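Could you have a look at this structure, given as structure tokens, before my questions?
Chain naming follows the written order as A, B, C and D, and within any one chain the residues start at number 1.
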Amino acid sequence: MDLRRELQRAHDAARPTLATGRVADYIPALGAADPNAFGLALATVDGEVHGVGDWQTDFSIQSVSKLFTLALALATGEAVWHRVGREPSGTPFNSLVQLETEHGIPRNPFINAGAVVVTDRLLTLTGDAAGAVREFLRAESGNPRLDTDLVVAASEAEHGHRNAALAHFIASYGNLENPVEAVLGHYYAHCAITASCRDLALAGLFLARHGVRRNGGRLLSRSEAKRINAVLLTCGTYDAAGEFAYRVGLPGKSGVGGGILAVVPGRGTLCAWGPALDRAGNSVGAVAALDAFTTATGWSIF
Amino acid sequence: MDLRRELQRAHDAARPTLATGRVADYIPALGAADPNAFGLALATVDGEVHGVGDWQTDFSIQSVSKLFTLALALATGEAVWHRVGREPSGTPFNSLVQLETEHGIPRNPFINAGAVVVTDRLLTLTGDAAGAVREFLRAESGNPRLDTDLVVAASEAEHGHRNAALAHFIASYGNLENPVEAVLGHYYAHCAITASCRDLALAGLFLARHGVRRNGGRLLSRSEAKRINAVLLTCGTYDAAGEFAYRVGLPGKSGVGGGILAVVPGRGTLCAWGPALDRAGNSVGAVAALDAFTTATGWSIF
Amino acid sequence: MDLRRELQRAHDAARPTLATGRVADYIPALGAADPNAFGLALATVDGEVHGVGDWQTDFSIQSVSKLFTLALALATGEAVWHRVGREPSGTPFNSLVQLETEHGIPRNPFINAGAVVVTDRLLTLTGDAAGAVREFLRAESGNPRLDTDLVVAASEAEHGHRNAALAHFIASYGNLENPVEAVLGHYYAHCAITASCRDLALAGLFLARHGVRRNGGRLLSRSEAKRINAVLLTCGTYDAAGEFAYRVGLPGKSGVGGGILAVVPGRGTLCAWGPALDRAGNSVGAVAALDAFTTATGWSIF
Amino acid sequence: MDLRRELQRAHDAARPTLATGRVADYIPALGAADPNAFGLALATVDGEVHGVGDWQTDFSIQSVSKLFTLALALATGEAVWHRVGREPSGTPFNSLVQLETEHGIPRNPFINAGAVVVTDRLLTLTGDAAGAVREFLRAESGNPRLDTDLVVAASEAEHGHRNAALAHFIASYGNLENPVEAVLGHYYAHCAITASCRDLALAGLFLARHGVRRNGGRLLSRSEAKRINAVLLTCGTYDAAGEFAYRVGLPGKSGVGGGILAVVPGRGTLCAWGPALDRAGNSVGAVAALDAFTTATGWSIF
């Protein structure tokens, strides 16, 4: 199979779909993104890296960062699972409803509420949650310039009443260890990291390698890595996780910056990026490209 | 009818019920209240004031203050009704669920979310929402020492993650005009006012007089005063408003400090206080006393 | 006060509002009603009966019947209150959501679910729930021809999947004593009774007389009659009960046939009818007329 | 890898967990099941069949049947996806709440509401939905005696108020093509089929073979078969789908009779059965056995 050619075909299949999406505009800094930008990268466990389109352009990784906060928090033990569930939420990513019914325990680590709790845990563990994510991404991608975009982080904080509501609500149930302001600061900082498709595909390879990092060291046990893949599949793309599993058939994590990082266990990773989003907040082009790629290659896990 | 005797009888009927309640303990400053304290006061539109038990003891008025913030906000016009509804919520006083479904418009001015919006409005109108409530209470009760308990206000703020969540959530829908911190500061300050049954009964008389203040000036039109009474009846006692209407049959506002201020339109006001609360957060003794009083006197509005 | 003149004025104030409403069309038999029909009747405890417009025209009383099923069920004791609550629901009249959270106990007797439970109780008590309502209405109105419209009842049954869902759902929680089909049959039959404003105003007088029937016999204790008025005020007009209390200030029960029966305790009853409904399912004209009448006469209970 | 040995080990690991579960007792016919019964079967795409424990004992397949109704309905086209979603529900399997919010479109084909819609579709397509499922199971398992247990089906119907509520509710939104009674009859009849672990493992192999039946004919396209696997993974085990994916890592469908049928794409199927259920309604022993088996063999899809 010629993976380069399949990448190109998936890219070509996705391009025409971009016009149907809308760039996220809840913060000005994201609203300025080019709706026609699109890139796709593939990294294999054998060390190959390929890309097409704008695959080396930096974008705001947003919620894709939640995959890394979870992995880093779990690297030291499973305690965080007492404070956040593993079930799909069936509700929008920033909903407070379920949190009230379920007494401050977020449904899963990938809705905003759950990511706030995981960030809190990582902050307790490391003293610098955003820094830990940044360093991990730099190490795995080999890109030492990868960093938080401070303008985006500040913009998120300024327009962050909804996340502040979530964090205070969780705190009201006693499910935060650190002050709300500190947790939110780190949350915004890791969401506002900018990276390229290339960077993220490389950084996600530890999940395709079942827990093994670029340097050969083990971040997670084989079993734990597989389990993160399972949570990605059931919860990684907001309340469209079922649809993503149906169409793409790979564990993946999306962000409102337009990126989606998907894992092909044992084989590699794919990262697609296009800022135009569908109504569930997932990149129209990224979903289309991943769908086309897995259909053509049979690389779905099912 | 010998009103003094009926007050005494209502008081005597209520006393034995106190043991079934629990003092609010969500903030330490309230948890110290004496569960056996109990007082009952009556003020008539003719100028009579009577009381039994601990009717001259100060207590934290808490949500009873919401009646006054609403009246003061409405005194300058009906604009606040664009930002808060008039329907019973059917959910607990501090719930966020409905707020999400209804896009940041609280159901009514007496659940916490609605009171935050009304406080915000009063802050815009007056520059000092808590001060406006305090001055009004002083003027109507004739008690110049009536004031905010700063220890209680600070304790509320310290344990106020739930209210902070509500306020940020409302702000995320664009339904706050002032900064969250400022609004919450005034909210806590008017809730933390201490007053006696006597003070509150006198302060509430403008509603029994259909809008006319102690000094003969008009705060609200006859129609508007009646309408506040209607909102009190349907929404004034949290999600037990139906039960309160059924048992007591008067418009009333309760607070977790254990006070309930009830209005007998055209006749007067009753204020009962006992810190032991039922599961809906209403004073066990106050409900029992008001029930006994209206049953004996026929002073229900129905 | 010239009550006839006030009735006429209220009628005249309401007429222009009719055009803003829509006739209920969920069953064909109701959809044929004339949106421009409008009538208003007043009956006093002194025996006066006045009317304007189409006050002697028969219409489908629909949910107004629920007031009578409740009164008749309570006439034999308070047992039904173990099976249905007294709180406003905060949700549409035919919602199943709350029923699930609250394990088959409807919030109040006036939402559909609650009325199904009350009908079930009345069926157990009398063996003929619809017949009991019909006989009571005939006796109080003095209209021996008042009866169920069998075409409407059949049409309700035919289009009654939602009510069937409610009834089966309640039965699944063990809160029905009779077979679902039997309960629904009686429910549709009492809702499909046709009567005029005149008939209903007379039939409701027992609530203005605090429990005393036309023949001087007592249906309910004074206390129980007052309490039904309280439930009417907080729950009688679907999820617009707060708005109705705010505007009209009287206990009342509405139906999707366009009728509203309101009680002025100690004074009399008003029945207004106009098939054009607002979005909450209440008659646009009837609400407007009652609003105008109570504003002009000061007959609000507040 | 010695698959027989791994099966035996998984069986041995599961046995001690049985005591922590409870047999479903919502219908008498199921309540009589032996809580200590336990069996486990494996069928491979190469034609091997192995089993341990009570793997040849018949049990009530219940919701496992929903996998087959879906596959048979999809075999003729994708139209059913207009009437049912593909997202996890985040709520219990028999909830009506979401159905109300989402206007009668069930979240997925495996919650009861969704299975009712799929059964309705299959009834329209075949004229005999339960018969179609039965014939398919007989053909794939090679067991001609496999049949509906009429006592169980009758018991389901008799205690089926909840499902009747769901079906009427769906019908009220216009999302049923056949009469409620007919649809429920077929629904109960296919749920009440009895089969053994061996039978079900064989009957599920078409999903491991990506759509190819025992006789070599194709029921579904490769792509459609993979997509059913995806829906199984995200929605197949009620509101514990996330947990099942996390622990077991295979697409699977459970039933309250205690069976779970899991698919190992490209390799085979596993069927485990033990009537003792956990709180989410999944077999305690079956989950434990599948967890142990995939952990030991690495046969998770992740």
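Note that in this section contacts are C-beta pairs under 8 Å (C-beta built on N, C-alpha and C of every residue); 3 or more make two chains touch, one makes a residue touch a chain.
This structure is a prediction, so every number in the text was calculated from the model and none was measured.
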Among the chains, which one keeps its Cα centre farthest from the Cα centre of chain D? B
When the centre of a chain is set as the mean of its C-alpha atoms, what distance in Å lies between chain B and chain D? 55
Just give me the whole-number Å value for how far the CA centre of chain A lies from that of chain D. 32
When the centre of a chain is set as the mean of its C-alpha atoms, what distance in Å lies between chain A and chain B? 47
Would you please name all pairs of chains that touch? A-B, A-D, B-C, C-D
Write out the stretch or stretches of chain A touching chain B in their complex. 95-97, 100-101, 161-162, 164-169, 171-172, 180
In the complex, go through chain C and note every residue touching chain B. 85-91, 98, 107-108, 223, 226-227, 229-231, 233-235, 239-243, 245-247, 249, 251, 265, 295, 300-302
